[in-house]
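Paired with chain B in one complex and with chain C in the other, chain A is shared by the two complexes that follow.
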Partner chain A sequence: MKGQAAITEYFVLIFLIAMIAVIAVIMVFGFQMLGTGAEKANARERNALFIAEGILSSGALNSPQFPKGSVLDDSRLTAASCADLWSLLGEGWHAEVRVLRDRSACDGVQAWLKTKCLADLRKAEGAVCTDQSYPSCSVWRICEKKAGMIFFSVPVSVYRKMNGTMDLGVLTVGLE
Partner chain B sequence: MKFRLGSGCGMRPHGNPGGAASKGQTSMIAIAIAVVMLVLIMIFMLSSALSSQAGQSTRSEYRNLFAHNALISVLRTDTECGILSDVLKGGYFGGGRCDSRKFVESRIPAYMGLLLNATGHTDYEWFLEASPMNFRGEVLAIGSAAVKEAAERWDARTIVTWEGYQLEVKLYFKIK
Partner chain C sequence: MISAFDIFRIVIGVIVFIFVITFFLRFADMYSGTASSGKAMEAVNAFEDTAQEVYASGNPSSFSGFQGFRTLAYDPPKIMYDSGQKTLAVPTLLVPSTGKLYLESRCSEFGWFSFCWVYAFPEGMRILFTFVDDSPASRQLARQALYYLPDSAQYGFCSSGEARAGGKADFISFLSGPPGAPHQPCNATLPQYTRVIAIAPLPGLPPGSAADLVVDTGAGLALEGGPDGAAANFTGPVELAVLVTGGKKALDYIKQRMSKEVTVSARIMMDRTRLVSQKMVALNRQPCVECATPFPEACGWTDSGGRQHASAAYEAFGDSLDALARPGDIWRALNGTAQAYGLLESEGCE
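Here is the complex of A and B:
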């Protein structure tokens, strides 16, 4: 009986140790997966930021009149090709540049011109730029936008080549 | 210890002489398991700390880029009164076709509002300060002054120059 009790005690002990070992292994794998997930998210954010910085300093999209960067040329944006930019900056991203229109820009305009000013503003707002709509447009889209992308937005200046003016805009980069 | 006569070989001690050893074994195992669990928890905490540090540096880089681009893009923007940095200069030296100080004080908040809405950063609070560096003049302050003293703030700085005069413009941000 005593021998049996001792054997049972050892079996229970071994069983408990085995259970704890299994839990420990599951915890280690769980931590690894969490850590890998967090690293992957960090890596995607770093890549998206790298692409945004690349676009802001790229000779393909920046205005040559402003060599310090962060001034995108509207004609170059209109002519931009996804394939060419992917070969420069890597693949799997999407970018959108949007000019921000301030309605108070029509405040200083003479009263009889104000209606036309506001109408022009509304017409250009949200209009995607193509060879046909340029320059009466304010949104450029480069490469395909896909579900599940992470996005970074930064302010930019957009140089309007046709009238030589600088508009305030936002560059949004999405990465798969 | 109790002794009794049995049918076995001589007297055998009653009790459980292996009990103390068994208890010792159990204690050793419990200590070993506690140490293993402690090590696993420390590994988890270390890997969490490392990945959050990596995420923080990307976030910091992004915020600095955002602040810098917001400042230079806003100052470069063309308005009905001229380029905003020129209008700012007009506030100190006169000239220009608008009431410069009033115009800047209304236009900069409008542009900052547009930028923060368009980039999805309505949780950012900002403060802009323009200070003469090598001439006498008032400091221009726009926005929430508490942002400048906030512990977790980030900022961008640029110098607007004309004819030897320098104006330092700083833009501060913090999370609301």
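Here is the complex of A and C:
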């Protein structure tokens, strides 16, 4: 009887040691997985930043009047296709350039007309550029936006080729 | 007196001990492998980030993350290391080293298009020239290639047992001077990361000479690894600079990468040229600028009122882009487009 109890006690001890070992292994791998997940998220963010930098420095999209880049030419943005830019900068991303209109244009408008003025401004801001709508447009969408993308935005200057003026805009890059 | 139960406990104890020790040793081995390959991957990712930053910004940088790597090789565009490989996204010419690396970018500009690449080379890399025929043509060839070579490397010449290297500016001023002493084969003891470039009228070097690359003075031909090495054809100073730093493999990669970028950029530019010329007509913005001369025919593209037609100017540029699609010398075609684009710019259309 005493011998049986000792054997049971012995096996319980072995079981506990094995459990501790398994828990230790799970914890170590868990930390590793967390680290890998964080690294993956960092890599996506870095990649989004690279795509944004690539768009801002690409000779295919920038106005050569500003040799250091960072000034997007609206006519080049209109002409560029998704397939072309994917083959230059890598696949799996979406970009949108949106020119911002100066809201102070509605400042002097009477209060009852201001809502309409701002709505018109928003409407003008939303016109997507195509061969037909160019140059009366303010949004360029390059490649399809997909669910689950992470987004990264930077302010950009957009050169309006037809008017010879410069507008302020926002470049948003989405990455799968 | 040891009982049967004690013997049973000892046997089971030894079995469990061996099992636990084996398990932990195997686990530690696997974990250390995973951790070190993870670290190596992190270092390669960090290198790629630095290269991308240099490529996008044009600012030089340095990188020291490859310390402790047992193997590190570069087969453009793949970087191969202890536990894997990675394809670099930006055109990079890497001279692998586990020490400190310098990164610099260079671009070849054509107005409407520019092709940029990144050099990543070890601290203290030397590029030594040896002129078999120290003629103005040989020196001009070296000077042209130097323009596209990295600033932070050391440059010099090697003759007989003497190898001298210094800054790029000093070497350029040396090249501008009178020809030196008659050629002596380079047989100096050279430090690591030194490339000897012999500029010689082919068939090649005199006996007793050694060089990593023998460049023909006139025909755009180079022999890699000495007079009996593999032949590589190059066109212009950019391709020579790539050949000097990375060899034939790097040249093939850069040519292929550039051709792809030119094709895509030309396609975008063609569509854009068509769009701009159509819209200029539609929006009644025909002239780029008023023709400054009283003789309208002296201007490139004029109407009866002496005003230049933007659409005609853009059409001419579009025609020059067409040449890129035809087989032939891509550099010549690119220079043609640069000229046409320059005209467009000088006429105020761009």
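Note that in this section the second predicted complex is superposed on the first by the 151 of 176 C-alpha atoms of A that agree within 3 Å, B and C clash if a C-alpha of one lies under 4 Å from a C-alpha of the other, contacts with A are read in each partner's own complex, and residues count from 1 in each chain.
Criterion: contacts are C-beta pairs under 8 Å (C-beta built on N, C-alpha and C of every residue); 3 or more make two chains touch, one makes a residue touch a chain.
Since we're looking at a predicted model, the values are computed, not measured.
By the touch criterion stated above, A:Glu53 is placed in contact with chain B and with chain C alike. Applying the stated contact rule after C-alpha superposition, one finds that A:Val156 touches chain B and leaves chain C untouched.
Looking at the shared chain after the overlay, A:Ile142 reaches neither chain B nor chain C. In the overlay built on the shared chain, the residue A:Glu9 is in contact with chain B alone; chain C does not reach it. Of the two partner chains, neither chain B nor chain C is touched by A:Val97. Look at A:Phe31: by the touch rule set out above, it reaches chain B but stays clear of chain C. Applying the stated contact rule after C-alpha superposition, one finds that A:Val173 touches neither chain B nor chain C. Once the two complexes are overlaid on the shared chain, A:Ile17 sits against chain B and chain C alike.
Counting contacts by the rule stated earlier, residues 6, 17, 28, 35, 39, 46, 53, 56 of chain A appear in both its interface with chain B and its interface with chain C. Of all residues in chain A, only 3, 6-7, 10, 14, 17, 21, 25, 28, 32, 35-36, 39, 43, 46, 50, 53-54, 56-57, 59-61, 64-65, 73, 75-76, 78-81, 84, 87-88, 90, 131, 134-135, 161-162 touch chain C in the complex they form. For chain C in complex with chain A, the residues that touch the partner chain are 5, 8-9, 12, 16, 20, 23-24, 27, 31, 34-35, 38, 42, 45, 49, 52-53, 55-58, 89, 111-114, 260-261, 264-265, 267-269, 271-272, 274-276, 279-280, 283, 285, 341, 345, 350. Those residues of chain B that touch chain A in the complex are listed here as 16, 18, 22, 25-26, 29, 33, 36-37, 40, 43-44, 47-48, 51-52, 54-55, 58-59, 61-62, 65-66, 69-70, 72-74, 76-81, 83, 98, 106-107, 110-111, 114-115, 118-121. Those residues of chain A that touch chain B in the complex are listed here as 2, 6, 9, 13, 17, 20, 24, 27-28, 31, 34-35, 38-39, 41-42, 45-46, 49, 52-53, 56, 70-71, 98, 100, 102, 104-105, 107-109, 152-157, 165-170, 172.
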